[in-house]
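Look for chain A in each of the two complexes below; its partner is chain B in the first and chain C in the second.
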Partner chain A sequence: MEQKNSNQVLSKGKRPVYKNQWFFLLLAEVVLAVITGTINPRFFSIRNITNILEQIAVLGILASGMTMLIISGEIDISVGANIGLVSCVIAMMIRNDISYFWIILVALILAAFNSLLVGSSSLVFKAPSFITSLGFLSVFRGTAYAITKGVFQTIYGKFEALGLTRIWGILPLGFLIGISIYFLAHFILKYSKLGRHFYAVGSNTAAAYLSGISIFKTKLAAFLINGLLVGLASMILLSRVGAAQPTTGSGLELRAIGAVVIGGTPLSGGKGNILGTFFGVLLMGIISNTLNMLRVNPYFQEVVFGIFIVASLAVSAFSAYSGRGIFKKFIKQSREG
Partner chain B sequence: MKGLKLLVLVVLLVSVFASIGMAKKLVYGYVTPGPDTWYRKDVEGFVYAANLAGVEVVVLNSDYDVEKEISNIQTLVNMKVDGMCVFSFNPNGAFIAAREAARAGIPLVVTDNVGEVLKSKDPVVACIDFNWDAMGKDIAQYIANNYPGENIAVIMGRLEHVPVQMFLKSFEPAVKELGKNKIVAIRDGQYIPDEAVKQAQDLIESGYKFSVLFVFNEEMGAAVVRMLKSRGLLNNPIKVITTNGAPYGIELIKEGAIKYSISSSPGWEGFVSFLALHSYVTGKIKALRQWIFLPITPITPETIDDKTKVVPWDIDPVWIELTKQYFPEYKGLIDVLN
Partner chain C sequence: MAVRDRLVELKNIVKVYGEHTVLKNVDFDLHEGEIHCLVGENGAGKSTLIKILSGAVSPESGEIFIMGKRVKSLTPRLAIELGITTVYQDAEIVDSLTVAENIFLGNELKSKIPFKIDKQKQAQETQKILKRLGIDLDVNEIAGNLSTAGKQMIQIAKALHRKAKVIIMDEPTSSLGLEETRALLTLLKNLKAEGLGIIYISHYLNEVFQIADRITILKDGEKMGTYLLEQIDLNTVVKKMVGRDTALFFQRRPIPIGDVRFRVHNLGKEGLVEEVTFEVRSGEIFGIGGLVGSGRTELVSLIYGALRPDKGEIFIDGKRIAPKSPIDAMKKGICFVSEDRKKYGMFLGRNIVENLTSVKNKLSKGLLLKLNEELRLSSQTVNRLSIAVSDRDQLIEELSGGNQQKVIIGRWLLNSNATLYIFDEPTKGVDIGAREQIYQIMLELAESGKSIIMVSSDMPELLSMSDRIGVMRNGRLTHVLENNNLKEEDLVRLFIGV
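Up next is the complex of A and B:
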């Protein structure tokens, strides 16, 4: 029996590709793309594909940070408000013709500081990060309202490179940055000591502590990375739309968390990977684009978006279960008993 | 003698309290949906007029939360304010305000509700609105005159927003009736610039044939213009048309990036909302259920620098001049304010 268990553990490490959640997400995406492309062949045009990639860049960067945070057993629902505050601050700086060097620095430092505030208050007060981030959500949004007095901050004609540049006229720079972030996150999670610490503290805090891992430092590192990525996402978003207001980024936190969970990272932490998150983000981008490609009535788009998400998850879950033989086991058990 | 002293004391006290009562400053309450640019400017206009009149204003922000909006209304009722102005982001909020204000006997003015609250059995002093219906017709007419034969794609604000519905209700039939253009698609930009850009990109790539893009406000319009410009599609062939006359929109119109817009100043709207409320509270106008429309003006190269046509969003004395011109019923009140 012992032998069998150790074999199971070993074989889990070499799990075939088709038994991964991300594989079924990919399948769902391919099916969706083929159906949409058959109905409207323009779906497969280079311009449309690059549009989708550009549209998911910001969400992807946020979701990467969120993946590491959730794996380490934490969550931050103030990222949308953080984006709003950072975008407003840097938009105001751009309007005052401050050097881009300082703008980039301020964006990264401010976002990281905000994220660290959420994390440290959660760790120091031993309160769930869900609650502390809920509190800071109001602080960030309120600060953005106070400094802008609710006035829209436009930067027409300035700071365009990050969000509007297309390499060789095709590939959006924002997406390339996003892809680099996925690689970086993958490297951290899979090959670095810090990544292993994220999994360890997320799956069993007590065991991680007993094995000498600093829970405080590890979780704070997750918040720091999350904050830096929020800063980067804020710059790309501002550069893309050329304007900021306190509500900028509102709702992005839920989409980022959604993409992470759809990608197979459970909210309980300790598990998950960045590849799943990538396909979760891609699924959201494809569905959103599909609705327009299929010319779905705008009054029904929200409904159809929700149905697509649930259907993709169902396909993914059923396929994963059948891959693991859970259905066969269930049928066998019900026959026996 | 003792009785006389008591009488003098009573008379003195009564006169002191009466003078305090006479000198009592009027206090109005204002419920705003949230501190976004449009709403903020509306508040500024209201407070500006109140300052001129020496009236104190309590501004409460609902943060787009229906529950908070109701508690804000109840707070103002409990404070026993002398008058109330409610700018609700949902039709129901105005109905609740009307009910609560009527129960407490507080005069109420409702802003940007497209007159919906006038259907309530509880009387309100006035509804202050822009003529969204006229805006829809005007935009349709401009497109028919200037771009005949071209198809139109539309990116609106939130589809559940009453002014959005009112605009579409007049715009779509007007385009059909004029017969010069066709609307190929309507999308929801949710008043979010990023969402508007996404919708514009998808509209272009999904194969819709259009060369006129109407975007419901200039916040979204500016973001869409940025995207079209970066792809060499701005005015080649896609022309952008918006509404609002926001300061950043004016700049884009001057550059030719936005072809046409309609001026509607929230600041002036707030100013007029105050006058409607104050004239009722002070007994100068006794009518209830008034529906007051602020005029809209097209923004063209000829009108763009004329403050009486393209009304500023920020506090400006031109509001006083315009109010005298368009709302002579408030002339006496304005003269006192000045």
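Up next is the complex of A and C:
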């Protein structure tokens, strides 16, 4: 054992930069960008880059909330449907010229309420949030169909400041909001007790409880933050697209989860960080843009994304057991079971 | 005794878990038509031995012979195919099926119509088996309606139906009443008469002496001997189960004991703990011993608010506290180091600083973390407990068992308003060096006037650390003993109630 003198402070760990998940993502992004840029030089045009940033703003906000949820050991696959419902509701309000103050308030509260429904039903009924959110996915989308009667809700260019403003003509406002959300999420995870509690309940629920942490409050807080971010994302999306329908946002939940997981946050919870999520989202954006640039058939784009998400889950499954060997562990468990 | 065929033979079995050798060159055998009992204290290696024989665990070295043939790698499935059946308390019975269906599960009798089970024939066959064994059960009864004893009997019947040669029973009577126990023992004697071999594990030595042909005694993973029933008496068995080398005992320094600081009165919870009353003084280490399942962990969980009591009161410094939850107990000055650090203690995937400061953070005010303070306090704790770590970003799972345990204990040293420290199995799975350091930490706490409750299955630990020892049996605190000149065997006798 190493002898230490009595007032020595623990040193920082020396972990090489290439051992971080985000480093690989960055590498992949650079490679993709170079390849695409060589084939189609328009990829590096300011217009295209601005376009990418604008497109990933909404996904980034959703992925930030999802990161905190997944770290706490929960998940919400109803965020896409939640966006659909919220966008339809506020689009109808905009069409009726209700003041923006109420619109923003309703967007945030409704989205947060929906997310809390998913979370509290999971916690009270002791059911996995994957299942309760699957149920609520249907509830939210069905409600959206019912109130719109399936009709497309166009807002005729109103409420476009949030989604279409470009600062100095270049930087999309949505992207700036997205970036500030990353910082906020990073701050919560790294510097607040709540963030520490997210990691604790995700890592070991029983130990967290015995350390005095309220599992219920902590997980509900993760759902609340997730909901507020869904509300924000809904407004930006509606503002950029200019119309809403019940299917608005569908599929976004899977992309957000995919971005989180490929960013190094395992679905088992208790680990991960927002930097990984940032690069995960960026990778999603670049892939999407690359497929467009290379004129890949849009139907195949869906296929590519699906495969990409499955691949990212595989990466997560293996990295969660890295070093120990997933198969060895599995065999040991089944034998000693 | 007539020479009979050997059903099972284990030779030189060694099993290591982490840093611990739980079985050291153990030999064991079983003849046809014999009941061979395995006895020993908690953690002596009895369960591990039968897990090896049932294929659930594979030994590091040693040989296994079944029906005279060497078996190189035994799996649970192979063990059953070779005729070895382990009867568990509850498992393996499908509650929603009838007795007959359970017995024929996976081996259903087919009728002439394809895919249809011949239920009638199954019921008849089951009736025959039950009658042969003298078991009085309705074959069409739903298994879920049966008692534990009934379920065990179905498992035995099922084993017989599958032509088992060896039946292993691990603590079968621990949740049975007197009548049920008697019926089970009679059944085992009938099985023996039919030529089966039975391995029977029990803490209840009275039962063992009623049915055993031979008795094997294990202590700390070593075999202390195998005896014919006629060759040995109960007192000798108890003596062989204990009686350790003095080197295993820790020489602690005496610490002056002050006033009563902690007291429980008639504390109880239905079915787990019944009306427990005791007190702990400042500077005192109150040991709690008893068999696994005697309600020790449940008792301390009640005190810590992790379980809610039905009745009784808890006092600190004469003031009544009623912890509603762990956080409530923490605020009222109770610390709890739980018995299973992996399950209830460690935040895997998190670094040592986060693991050390979880309690402190919860108790301090404000919404934000004080990262500098965290670093300072964890560095202090690491130095004070000489925890071997490389840097602050090291994950807790990368430490050795002893260092992990020190981190979990260190977490609680940062609870500045603590009055009572509860240690549940404080040195389980910890190497000798770290063990002594943990004892030193406990003594330092006692010296600073804290009260300590220490639950332990480790006899030398209990005897060398405690000022007084409380004995738990069947959810009751049956005795509270001053720890002077107490002997291991006296304690074991009180634990098992003979």
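We adopt the following convention: the second predicted complex is superposed on the first by the 282 of 337 C-alpha atoms of A that agree within 3 Å, B and C clash if a C-alpha of one lies under 4 Å from a C-alpha of the other, contacts with A are read in each partner's own complex, and residues count from 1 in each chain.
Following the convention adopted for this analysis, a residue touches a chain if its C-beta (ideal position, glycine included) is under 8 Å from a C-beta of that chain, and two chains touch if they have at least 3 such contacts.
All values derive from a computational prediction rather than experimental measurement.
A.B. asks: Would you check which partner chain A:Ala200 touches, where first means chain B only, second means chain C only, and both and neither mean what they say?
C.D. replies: So A:Ala200 only meets chain C here.
A.B. asks: Go through the superposed model and pick first if A:Glu160 touches only chain B, second if only chain C, both, or neither.
C.D. replies: Touch status of A:Glu160: first partner only.
A.B. asks: When the two structures are overlaid on chain A, which partner does A:Phe305 contact: first (chain B), second (chain C), both, or neither?
C.D. replies: In the superposed model, A:Phe305 contacts neither chain B nor chain C.
A.B. asks: Regarding the shared-chain residue A:Ser192, is it in contact with chain B (first), chain C (second), both, or neither?
C.D. replies: second
A.B. asks: With the two complexes superposed on chain A, say which partner A:Asn292 touches: chain B (first), chain C (second), both, or neither.
C.D. replies: The first partner, chain B, only.
A.B. asks: After the superposition on A, what does A:Ile213 contact: first (chain B), second (chain C), both or neither?
C.D. replies: second
A.B. asks: Quick one: is A:Gly242 in contact with chain B, with chain C, with both, or with neither? Answer first, second, both or neither.
C.D. replies: The answer is first: A:Gly242 touches chain B but not chain C.
A.B. asks: If we overlay the two complexes on their shared chain A, which of chain B and chain C does A:Lys149 touch? Say first, second, both or neither.
C.D. replies: Only chain B; A:Lys149 stays clear of chain C.
A.B. asks: Would you tell me which residues of chain A are touching chain C in their complex?
C.D. replies: Spelled out, the residues of chain A in touch with chain C are 1-2, 4-15, 191-194, 196, 199-200, 203-204, 206-214, 270-271, 335-337.
A.B. asks: Quick one: in the complex, what on chain C touches chain A?
C.D. replies: 51, 56-58, 75-76, 304, 306, 325-327, 330, 336, 338, 343-354, 358-359, 361-363, 366-369, 371, 375-376, 378-379, 382-383, 386, 388-394, 411
A.B. asks: Which positions of chain B touch chain A when the two form their complex?
C.D. replies: 34-37, 39-40, 159, 185-188, 192-194, 197-199, 201-207, 219, 222-223, 225-227, 230, 246, 248, 251-252
A.B. asks: Residue numbers of chain A touching chain B in their complex, please.
C.D. replies: My answer: residues 40, 42, 45, 47-48, 51, 54-55, 58, 145, 149-152, 154, 156, 160, 164, 237, 240-243, 245-248, 250, 288-289, 292-293, 295, 298-299, 301.
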